[in-house]
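As written, the chains take the letters A, B, C and D, and residue 1 is the first residue of each chain.
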Amino acid sequence: MVSGPLMSDGNPSTELRLSWRQWVAGLLDPASRRPGARLVRMVNIAFIITGLIGVLLASDAGVIPEEGVLVGGPLAAFMIEYLVRLWIIPDMWAAHGDPAGRLRLRWMLSARGLVDLSGAVLIPVAWIVGVSVANAEMLGVLWVFKLARYSPGLAVLWRVIQLEAEPLIGVLFAFLVVLLCAAVLAYLLEGQAQPAVFGTVSKSLWWTIVTLTTTGYGDVTPVTVPGRMLAGLVMMCGILVFSLWAGILATGFSQEMRRRAFLKTWDLVARVPLFQNVGAAVIADVAQRLRACEVGSGSVVVRRGDIGDCMYFIVSGDIEIQAASDVIFRLKDGDFFGEMALITGTRRRATAVALKSSQLLILDIADFRDLAARHPDLAAAIRSEAERRMGKAHESYE
Amino acid sequence: MVSGPLMSDGNPSTELRLSWRQWVAGLLDPASRRPGARLVRMVNIAFIITGLIGVLLASDAGVIPEEGVLVGGPLAAFMIEYLVRLWIIPDMWAAHGDPAGRLRLRWMLSARGLVDLSGAVLIPVAWIVGVSVANAEMLGVLWVFKLARYSPGLAVLWRVIQLEAEPLIGVLFAFLVVLLCAAVLAYLLEGQAQPAVFGTVSKSLWWTIVTLTTTGYGDVTPVTVPGRMLAGLVMMCGILVFSLWAGILATGFSQEMRRRAFLKTWDLVARVPLFQNVGAAVIADVAQRLRACEVGSGSVVVRRGDIGDCMYFIVSGDIEIQAASDVIFRLKDGDFFGEMALITGTRRRATAVALKSSQLLILDIADFRDLAARHPDLAAAIRSEAERRMGKAHESYE
Amino acid sequence: MVSGPLMSDGNPSTELRLSWRQWVAGLLDPASRRPGARLVRMVNIAFIITGLIGVLLASDAGVIPEEGVLVGGPLAAFMIEYLVRLWIIPDMWAAHGDPAGRLRLRWMLSARGLVDLSGAVLIPVAWIVGVSVANAEMLGVLWVFKLARYSPGLAVLWRVIQLEAEPLIGVLFAFLVVLLCAAVLAYLLEGQAQPAVFGTVSKSLWWTIVTLTTTGYGDVTPVTVPGRMLAGLVMMCGILVFSLWAGILATGFSQEMRRRAFLKTWDLVARVPLFQNVGAAVIADVAQRLRACEVGSGSVVVRRGDIGDCMYFIVSGDIEIQAASDVIFRLKDGDFFGEMALITGTRRRATAVALKSSQLLILDIADFRDLAARHPDLAAAIRSEAERRMGKAHESYE
Amino acid sequence: MVSGPLMSDGNPSTELRLSWRQWVAGLLDPASRRPGARLVRMVNIAFIITGLIGVLLASDAGVIPEEGVLVGGPLAAFMIEYLVRLWIIPDMWAAHGDPAGRLRLRWMLSARGLVDLSGAVLIPVAWIVGVSVANAEMLGVLWVFKLARYSPGLAVLWRVIQLEAEPLIGVLFAFLVVLLCAAVLAYLLEGQAQPAVFGTVSKSLWWTIVTLTTTGYGDVTPVTVPGRMLAGLVMMCGILVFSLWAGILATGFSQEMRRRAFLKTWDLVARVPLFQNVGAAVIADVAQRLRACEVGSGSVVVRRGDIGDCMYFIVSGDIEIQAASDVIFRLKDGDFFGEMALITGTRRRATAVALKSSQLLILDIADFRDLAARHPDLAAAIRSEAERRMGKAHESYE
């Protein structure tokens, strides 16, 4: 392994020497929170947006001079990016345990690899093949897919569409049935009156789809009474069909989000000692109600005098509690705070400030009460732990 | 403390002397139910609506004379309001325990403080800077945000959008992808046929967004067959994208509303003695099914002969029960009524009238039956309490 | 009491002599299943529809002669109907126990009473006041509200809108905020370019609402680049706002429908002896899964050879089971059938025909399996009851 | 029984001689997975699509010559198909046990029989009756309904619409109320200003429906201020009404899909030995969380190094596990795999490849954790079974 940069978290015993390839792989990891990785992400996103603006302006005659840079710059960057990603992929996918060559091939054929490849080579290829410069640059619009790497919400959407594919296709089929029948009827009812736009079935198909989606351009409208009755029916069918679509997606999305949130909190709940004393069934119940959040260094989590509507568990971080009587103590990983306002129903009696970037789990007051009622042992544990911690805090400050 | 007005609830022992600042703070409390506070709210809302009408008419040449007053009047009122609010904020936020100056600064920098400030000073500043009177008055449209203080539903909406931000942005990104790709394709497919409206990508972007949102102005429509096929696809993508949006918001909204309703009823349930005899788990179950409502003085809550579809718990108030045989008795805080019709399945046998403004908890018949089946002890408690109360009523009237 | 018509259900001992007023009240009861009441309903609906068609055609010059009858006929009928309803209301609301005069007054002031009154007197009053005949007849459109009496679904919708009023108003407020701000911005951005349609704020309000609801007439469209950007934003806000509306209504509707279905089945479950042997908690669980339905005389409920996807409980009625081996036996109120296919997973082994109009409760196979797994005693009860009944049937046929 | 083709699954003892009719019936079974049946389905679908394209082009003058074949070919095929289906139906519906003639009659009168009949005879009948060739061919659009046989999602949609019929009709009624009132108001407000399009109520009905569905053609728009206010109100009512529709369908659809998925997995769960050791209540819980899926021969189910987000149960099939240390073993019906990554939280340590087309049940990691917490016995069973299997595998490979 080549001698590379030093990776340190302030503790010399855990320092480890990375190869340069590992160091670059760390910079390109989309989930990394290192400042360097954040910078790389921002530069990458800036290139993509610049490129897209360039593509949008490419066809406007007056702004060509600048646009050459706007498209060409990002293009060059993406070519380099592609090579770098190909180089580092064995370190990114190290867990797979396959040889580097095979991992590189797999990445090249993966969705993200193909998006990066097409973003890097399609425009030059189009130029070589002889497409005009302006038209070749249109291919840069594919760069928008590179943004998908940074949008976690999009992955959820994609999965929901996959899971609900069958009913969605069923609705599409219903759409097709209505579309074809309405187009034929429109041709029969309006064909005589407006031969220019309803004269053939394929012509009347245009009106039908514009009406069925309730877009209603108004370039073609029926004029006969039966034609207008058909139009009213088609509009209502359109709304019915797309209500079904909305209903399917709403259902699927709700389930998927609940599943994701559960997974996220489950991993974090395990790190809070309090929950290790209660049964597994309680943990599963708790994990479904907690909400993960992250607070930056220096941010005020709760403020004295505010209404307390939730309590916090510290997964990792450092929180300073500034109580009313100027008593200040610090909470670390696994501690919790903010429970007093929930138990007593009073306003916050202390201000909590994050001393460094911290990961918290939030338990809403409604869920706290419901949980406390259903699992009295958990409520008791929170109460006794709070008393113990308060006693300890008093000891150390008295 | 300066000697101020007397605050009385009819019981001399609880009278307390308020400072004038506290008295004004009470008048401006948006949650207060005092007649004075109601009046202040109504006057404030009237000023906002007057001002907004003034802004709407400000640009119409014919109605300028009156509009000067319509905009100027509210403007003056909002300036005074801002100073008053700044003066009283230490009493409103007394629970925070911070010094008055710091509380005033925090309020000035809070969302509501900034809305009030911009409503009070932006128009004069624009005048001073040299903007024309008519255009400066356009800034009065920001007064609409002052209404947010009185709309509890809006706070829920805002929180839902915050909680669901990640998937909403995911959908927005999907929207962006479709928008850009469709704009480029429309330019390529229709650019030759209609150079005036599809001649550049930025021009065809207009058609794309109008179609993707299914608005369909019809000022630009594709004329070629491939262009129309693209249009059909874009319309369907638009509906798909916005179905996802609807689904996300529906899911989030449903959860938030359930949480809010639970919190509201939980606080009230604690005041009903009946529920203090049952376990905490039952209370959590009950609180999720009760619905809070308020009835004005003199209003008829249930009417003899009506079908009984719910029972009522009195959180606070005074209800007169007028039974069939002219027996009249009164119920106070913590009592309940209307349970007989649910137990026996008969129609209401008595009329219940609120003698003063009362806060009630409503338990629907469906939830009553479900609760009674799941928690036989609760059903038994309701029955025995009803019998006890009925017996007592008979004693006192016989 | 005046001697009236005889009401009989075939059993002379339960015959009772009704007053004529009671007999007419029975005919007008919207929930009654007597053939006479059905006929009265159909005639009433026919009058309403005739009247509405008359109103629609009233303004068409060519068809006046007939329309005079189309509007006048129903009008006369509704006048008579109003008087009849006023006469019989004491019998309809007999359970209220109030004197007849007071009940009549209450009905006159109720929503339905006012609808009936306005349908009967508004047109003549308009004639007398001097409104032209054609315009007076327009008031007949209010007759459409008379149909509400026969639409149970509408009552649910109305209740959902009432229950969800607060968030719906919150959305309406958000709508107002977007509408006003967008109108002012449109005026500032497009006012110079198109003074005819964006020249004042009140003018640009028209474009804003047409765009915000994604209706998009296209009579007014922005032409400047900032104006079009605003338009894109307004369209997206419109979809966001109305997605919230859809989400609120979907949530509320779902809860209300579940509650209604539970109430309906609960009342019927009590009549099935099988469920009287199991605990109350099981019944509450069962009632939430059953679905009520009604089958007409002679209709085939299950057919031999079909796939069995549900079982049936007879609330009231008479079902003939035609088994494979020509064994025919009859089931009455409280019996159940169709359970064999669910237990064994085979196809239906017998055909079931309703001998008279019967009320059934349907238990879906998915719910049957879930219930059987959760409540083994219920599954055992169904099995033993089935065996007992089968044995008895064999006895009587052998 | 006539001597027919040999049906074999490779095991001579289960070979059985089918009649030719049974063999053809097997080919036409829409749920069959035999290659022959798949081919027949594909040919059938190809004919339908060809026919529909033919119908679309039938009215275009230029392409008549080819279109004669495009419509005529499928028509002939559907005539033959109808006769074949009529011939084989006794074998398809053999479970019904009725005589062949009666089954044929029942099929002819069923929805699918009528669709097939109309697809086969309506066009020739129209020709004979004297309809022009081009118009007669329009009837071919009904062939789209033949596709319904192959769309399982459509059946769900249809059932949801049936189950939710009552509230959907309620919304339709609300739609009618708004439509009529708005049409009359529009006539009164705009009739004078635009007599050509609002001159009668029936004329203004066209504008009303176009606006109420937010289609907004723009061919008719109000010009007076009160007319435009009405328009804004109508647009908002339209969105409200159709939000209700979307809400109803979303609710109903969600319930129906959950029921279907439960039924599908329940049947498969019974074939996994592991679940036979746990209580019925656990099985009902498990069945609601599993998801059925099918993988083709040779496809990679899990890949070494991937993040493990689910485990798999093999209902039927043959899966080869390629562990890291080149240990290869095979799993058969009833086995499960992929549980290690869920238990330990590590990445996949082995690759799983389907050796033949296999039916799997997928248990998501979120559901696995929730299940394991709620049913510790199930988690223990999975763990011990995994250890037992691993031990056995080691034995056989050591």
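One rule holds in what follows: a residue touches a chain if its C-beta (ideal position, glycine included) is under 8 Å from a C-beta of that chain, and two chains touch if they have at least 3 such contacts.
As the structure is a prediction and not an experimental result, all values here were calculated from the model.
Among the other chains, the CA centroid farthest from that of chain C is the one of A. For the self-contact between chain A and chain B, the two sides draw on mostly distinct residue numbers; the shared fraction is below half.
With angles rounded to a multiple of 5, the C-alpha fit of chain A against chain D returns 90 degrees of rotation. In terms of their C-alpha centroids, the spacing between chain C and chain D amounts to 29 Å.
Between the Cα centres of chain A and chain C there is a gap of 41 Å.
Annotation for chain C: residues touching 2 or more other chains are 214-218, 246-247, 250-251. Of all residues in chain C, those touching chain A in their complex are 215-218, 246-247, 250.
Chain B meets chain C in the complex at residues 52, 55-61, 135, 138, 141-142, 144-145, 147-148, 151-157, 160, 175, 206, 209-210, 213-219, 242, 245-246, 249-254, 257, 303-306, 324, 345, 347, 364-367, 369-370, 372-374, 376.
Of all residues in chain D, only 93, 95-98, 163, 166-171, 173-174, 176-177, 180-181, 183-184, 187-188, 191, 199-202, 205, 211, 214-218, 221, 228, 231-232, 235-236, 238-240, 243-244, 246-248, 250-251, 259-260, 262-263, 266, 279-281, 283-284, 287-288 touch chain C in the complex they form.
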